[in-house]
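Lettered A, B, C and D in written order, each chain numbered from 1.
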Amino acid sequence: MSSVEYFTKVREQTISFCKHLSIEDYSIQVATFASPAKWHLAHTTWFFETFILKNYVQDYVEFDANFNFLFNSYYNNVGSRILQANRGNMSRPSIDEVYKYRAHVDAKMQDFLINLNDEKILDLVTLGLNHEQQHQELLITDVKYMFGHNPIFPVYNKDYNLIKDVNLNKNSIKINSGLYKIGYQGNDFCYDNELGVHQVFVDDFEINNYLVTNGDYIEFIESGAYSDFNLWLDDGWSWVNKNKINAPMYWHKIDNEWHNYTLAGLQKVDKKAILCHINYYEAHAFAEWKGMRLPTEFEWEIAAQQLNWGKRWEWTNSAYLAYPNFKKENGAVGEYNGKFMSNRMVLRGASVATSKNHSRYTYRNFFNPTERWQFTGIRLVK
Amino acid sequence: MSSVEYFTKVREQTISFCKHLSIEDYSIQVATFASPAKWHLAHTTWFFETFILKNYVQDYVEFDANFNFLFNSYYNNVGSRILQANRGNMSRPSIDEVYKYRAHVDAKMQDFLINLNDEKILDLVTLGLNHEQQHQELLITDVKYMFGHNPIFPVYNKDYNLIKDVNLNKNSIKINSGLYKIGYQGNDFCYDNELGVHQVFVDDFEINNYLVTNGDYIEFIESGAYSDFNLWLDDGWSWVNKNKINAPMYWHKIDNEWHNYTLAGLQKVDKKAILCHINYYEAHAFAEWKGMRLPTEFEWEIAAQQLNWGKRWEWTNSAYLAYPNFKKENGAVGEYNGKFMSNRMVLRGASVATSKNHSRYTYRNFFNPTERWQFTGIRLVK
Amino acid sequence: MSSVEYFTKVREQTISFCKHLSIEDYSIQVATFASPAKWHLAHTTWFFETFILKNYVQDYVEFDANFNFLFNSYYNNVGSRILQANRGNMSRPSIDEVYKYRAHVDAKMQDFLINLNDEKILDLVTLGLNHEQQHQELLITDVKYMFGHNPIFPVYNKDYNLIKDVNLNKNSIKINSGLYKIGYQGNDFCYDNELGVHQVFVDDFEINNYLVTNGDYIEFIESGAYSDFNLWLDDGWSWVNKNKINAPMYWHKIDNEWHNYTLAGLQKVDKKAILCHINYYEAHAFAEWKGMRLPTEFEWEIAAQQLNWGKRWEWTNSAYLAYPNFKKENGAVGEYNGKFMSNRMVLRGASVATSKNHSRYTYRNFFNPTERWQFTGIRLVK
Amino acid sequence: MSSVEYFTKVREQTISFCKHLSIEDYSIQVATFASPAKWHLAHTTWFFETFILKNYVQDYVEFDANFNFLFNSYYNNVGSRILQANRGNMSRPSIDEVYKYRAHVDAKMQDFLINLNDEKILDLVTLGLNHEQQHQELLITDVKYMFGHNPIFPVYNKDYNLIKDVNLNKNSIKINSGLYKIGYQGNDFCYDNELGVHQVFVDDFEINNYLVTNGDYIEFIESGAYSDFNLWLDDGWSWVNKNKINAPMYWHKIDNEWHNYTLAGLQKVDKKAILCHINYYEAHAFAEWKGMRLPTEFEWEIAAQQLNWGKRWEWTNSAYLAYPNFKKENGAVGEYNGKFMSNRMVLRGASVATSKNHSRYTYRNFFNPTERWQFTGIRLVK
């Protein structure tokens, strides 16, 4: 695929995720961490305008001088910006205007890409497309969060349940102790946080080839786990009590039966389906309750070639920290990953909303241990 | 005008205020106190459905069972409801759906009103229409708040400045000390908080027949008033410092010149125009700075027949409390006014956004002393 | 009594209130509004040092240059100061040091007063002594708050219950409508907020010659009043729910019986004793429940000569606002009362902890409607 | 040393740390994380009463039934307790009473220890003594925090500067890549979080044999580091801005010269002395600025035998997580370490306030990345 074709394909995918949205759905922000769809559409476009077009296309005229302020996410190197919590306060620019912005930037990018051979710039374009694919996933989870917190539980699309997949088998994989290489060794795109191949020693371990199901988790709930402090990390116990948590995100007990909100509407929880929308504290407590533990990100990466995985991000017991020899790039691009290396835990795998070419053994996703709105699950290790 | 005609006219007025709104503009909530236009449209409709149609129209089928939860404002007697802060979280029901709701309720109401003679029910309808007119004013001020806090300062309508009126003259009115009757004495509609005519003794006073202008207020600012604690009430001084206030709401100093956001866009402040968008603390501090004071609500009411007023709500120095013999009605209607009688100050007059038939000498508006988003101004007394 | 004798007497009274305090008791601050006893002792002393000695005694050397920062309460005119919330963070200066400070200032003041004839300065001294008497009351209520929030409920002094007084009779007083003079008309000391005698017209009213008892209030509680929104002001209802209130301050239900903390320890609630430690919202809701109302501060002042009163501060239905012709003094002394004239309600009467010479018909006490730690009660009006 | 002698020695050490405290100094709590000295004295005593005397000494009568509520720290298994933030609200029990509590428990413990041979109970006693030694360190840092936040900066003891030590040399140590054993391998006491010896592979590294000095850090400050976002982790940058940080804790710029509060009073910063009181974010930013990095806890442990260390806790770049095969004990003792394994970073080494027998290569200290009130420093690695 040519770079123009690839660019166009990724950009169209983003729009295709929006095809069921009404105009009102594009602008609402329900929580600070969940941005409006309109913002995702504009911000991913701003990335190309800011890092490619303004820098490398002579005579490029920016679409709207206000957009740098409105659609910068967290790049301090690119100037000030609206607070993340205020992204949903803006009815204007309209979604029509944002689609015009996308068309404008796409046309300029397509022209520019036709004759582009500069490796460094092509790498930046690839970064921009991977960035856009990450936002495709956020767009879906943010839309789900908006609908899932609307008291009338709108059906986004009745065919779009997204969380009904089940485990393919119930075996486990044994891995021998030894030195293993960790980190990306291929020649394609990867993020800077995957680089710096290095050796890690692991002991023998046995890892499940399947994830925890809703049925498993209902047993955990019914055992009284949400009120047994011995199962919880201290921060997790505070989180449970402060927020009065007693089930995964989107779960509601109605007439004594667990239901959960899906993009296909409110449905009975399917006990056979793989559990979704729990945070690190819940994953940790569940493992404690089972007398097992979560894998480290290294164990996961070592075992990954032999495992069934994908459709859930899996919490690991590794903090998100720099690999040895991690090198932060200069300028805005260096803000992409490195600055988040504190207070976050690593997730491995991929979710139903993850772009296919983000599904690699070495990919390091990371979130605060309290977050639940991503499609997260639990794999256990002995 | 027949009751059907009057009903229809008020209901259409609400919609006419929305004619410049884009679909996105209807749903956004920027602050807890400022509701989305969509919510105002639905809530005023809910009032008629809940208090008239459900109670008095046999076989009335409610439009949507969820709407009582979504569109109740603060009536505890009518059941639970979403938090005020979450009114902007709902992209659904869509604005189309809400307009259908209005049409449905309007048709039923029109049918019902044709042959209605029951005084008590007619009074409730009148209350509902006055309620709707209050929301028309809130709708405009809430829309202004949304646009005024959008960093791109959208022009809502270039002919819709709304705050460029000037004083007609500069004289003052002397009133002699004596006993005066306060409260509504007519036969038309008024709110329960205006009832209970009673006598009040006032001393001689002299009240300005004009309001403070932007030019006056710029002098106040330039004298250093926002950093002179001696001018401020203690709570006001805390408010100034906590919020780093240095000018009225919507004012911005650009290139050393004061601009203010109007619904016609960001414009230079017109020094001759009457000041707008200050709160009680600012009004009180300005009076202190001038060596004058604000009128009490009684002084205002006594002088009102001789005064030029209208187009600004005027802060008085009276706390919003019950008149002697105030009687709260039973049930939900009793929640309309009485329960807000603490921590609020009375405003008298009327603003550019106030319905004409709300403009009466005895009308008691009330807001927390911190609020500035209404069209508020200052009149002084010696 | 000479001014030296009077000065000495008031100053000694303050110390006598502390005679049961251990050294630790002097320094603790449990809530922002409740200052440590050590702070009261020092702050009242600072008042004389700052406003008298430094201004009028030649060659006066201040005791410690840090004390102006530490012991200024809220006088912006006298410079910056520690945050009110941090008054309990200071173990040093020690209580010994603070007693030395008192002795030092007292000696200088006594010398100075012997030959003092300047009326203006004598007035300031009188203000300082009245100020100290107000702090004597705060000292007691703050100490009670500290002990009452200690889970072991220490007995401060077994003879010091303070809230066991009962009503002397059960009649009521009728007052005829008419014009009455309000405000202080005598020649002795009063605060600036009592000045400006003016006429007020009141309608006929009948006021109870007794206060609400604990027994009355238990009926109110048992009727379910704390969960009946119709009885409450909107702000009061929020306060009840946010703080999960179900009884007066210091009340605890133990083995199905109401107990309350007194300075003599935790005791069973005496149903015959006069109710104490309720706030304005509770007073208002109780009146609503009884189908009666609270008096205005004017009704109270008019009826006061015929009423039994004293030992409870009585919530009125009047907001704390300036009398007509109220004049704020220049400088720090002007900060004493005027700047608090928003968001507070007037209390009339006097409590068991109030200095005798603060017990006058015209005295205007004021607190936020949420406060309960003063010795507050309820009188009703028809 | 017999177990009685050892017990007595540790218990007396705690008291000796208090010898300069006035009675008021014992009870104050300035921040939620910093407990009053009185609480430390009682809590360490409660540990022996609760886990030894009540369980193993027949007919033991508890000193005061309220103390379990007052002096439990965070052991959910031992029942409810006062909120950590309220430890400073209690003037009673008095410090005298707490010393009596200590004497009572000490006498019973000494009697009990004389003939004690049960290994399991002896291990618990050892845990209790190590626990007490940790609180000795906290007692000192909490007292420093109290005095350091008192605007008059009291001199605790003029000979007690504690942070004037300097580096002994300026060389660095090279370690070869390879597999190394991590974890406690001795036979004496260690905490459960040090157990589970396991191999870790590390690459070649070179580690400084000295710590960052005040002089180094002043260069960092003067380079504008506190306003250069590129140096900071995202959470650190938020912390800097939210708290307006521009220097280490206890530093104040006076007359253009840096001073810092020490227990010997406010003193000029000694540029040659080793830096103290910085948090993880500051340590990380400093390393970034130097183009170096912090060691991992494994690198530190591997190099420790060749390094000068002690007198500062050194921030590592390792999150505080369980070692492979970490086993949490059942019941309250299991709450000691394991439940804190999220959102904290590991510190290695020992501070001036650390008990000598806590100074071992494998000791894992841990704090939130925001904390600065411990005696913390920075060592760099290439």
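By our rule, a contact is a pair of C-beta atoms (placed from the backbone, for glycine too) under 8 Å apart; a residue touches a chain by one contact, two chains touch by 3 or more.
These numbers come from a predicted model, not from an experiment.
Novice: Averaging each chain's C-alpha atoms to get its centre, pick out the one most distant from chain A.
Specialist: C
Novice: Could you please state the distance in Å, as a whole number, between where the Cα atoms of chain B are centred and where those of chain D are centred?
Specialist: Their C-alpha centroids are separated by 57 Å.
Novice: With chain centres taken as the means of their Cα atoms, state the distance from chain B to chain C in Å.
Specialist: 37
Novice: Mind checking the centre-to-centre distance between chain A and chain B? Centres are C-alpha means, answer in whole Å.
Specialist: Centres of chain A and chain B (C-alpha means) sit 44 Å apart.
Novice: Could you pull out the residues of chain A that touch at least 2 other chains?
Specialist: Correct list: empty.
Novice: Please list, in label order, each pair of chains that touches.
Specialist: Contact pairs between chains: A-B, A-D, B-C, C-D.
Novice: Note which residues of chain B are touching chain A in the complex, please.
Specialist: Residues of chain B touching chain A: 22-28, 30, 66, 69-70, 82, 88-95, 146-147, 149-152, 154.
Novice: Quick one: in the complex, what on chain D touches chain A?
Specialist: These residues of chain D touch chain A: 74, 76-77, 179, 198-201, 203, 229-230, 232-237, 280-281, 284, 293, 317-319, 321-322, 324-325, 334-335, 339-343, 345, 369.
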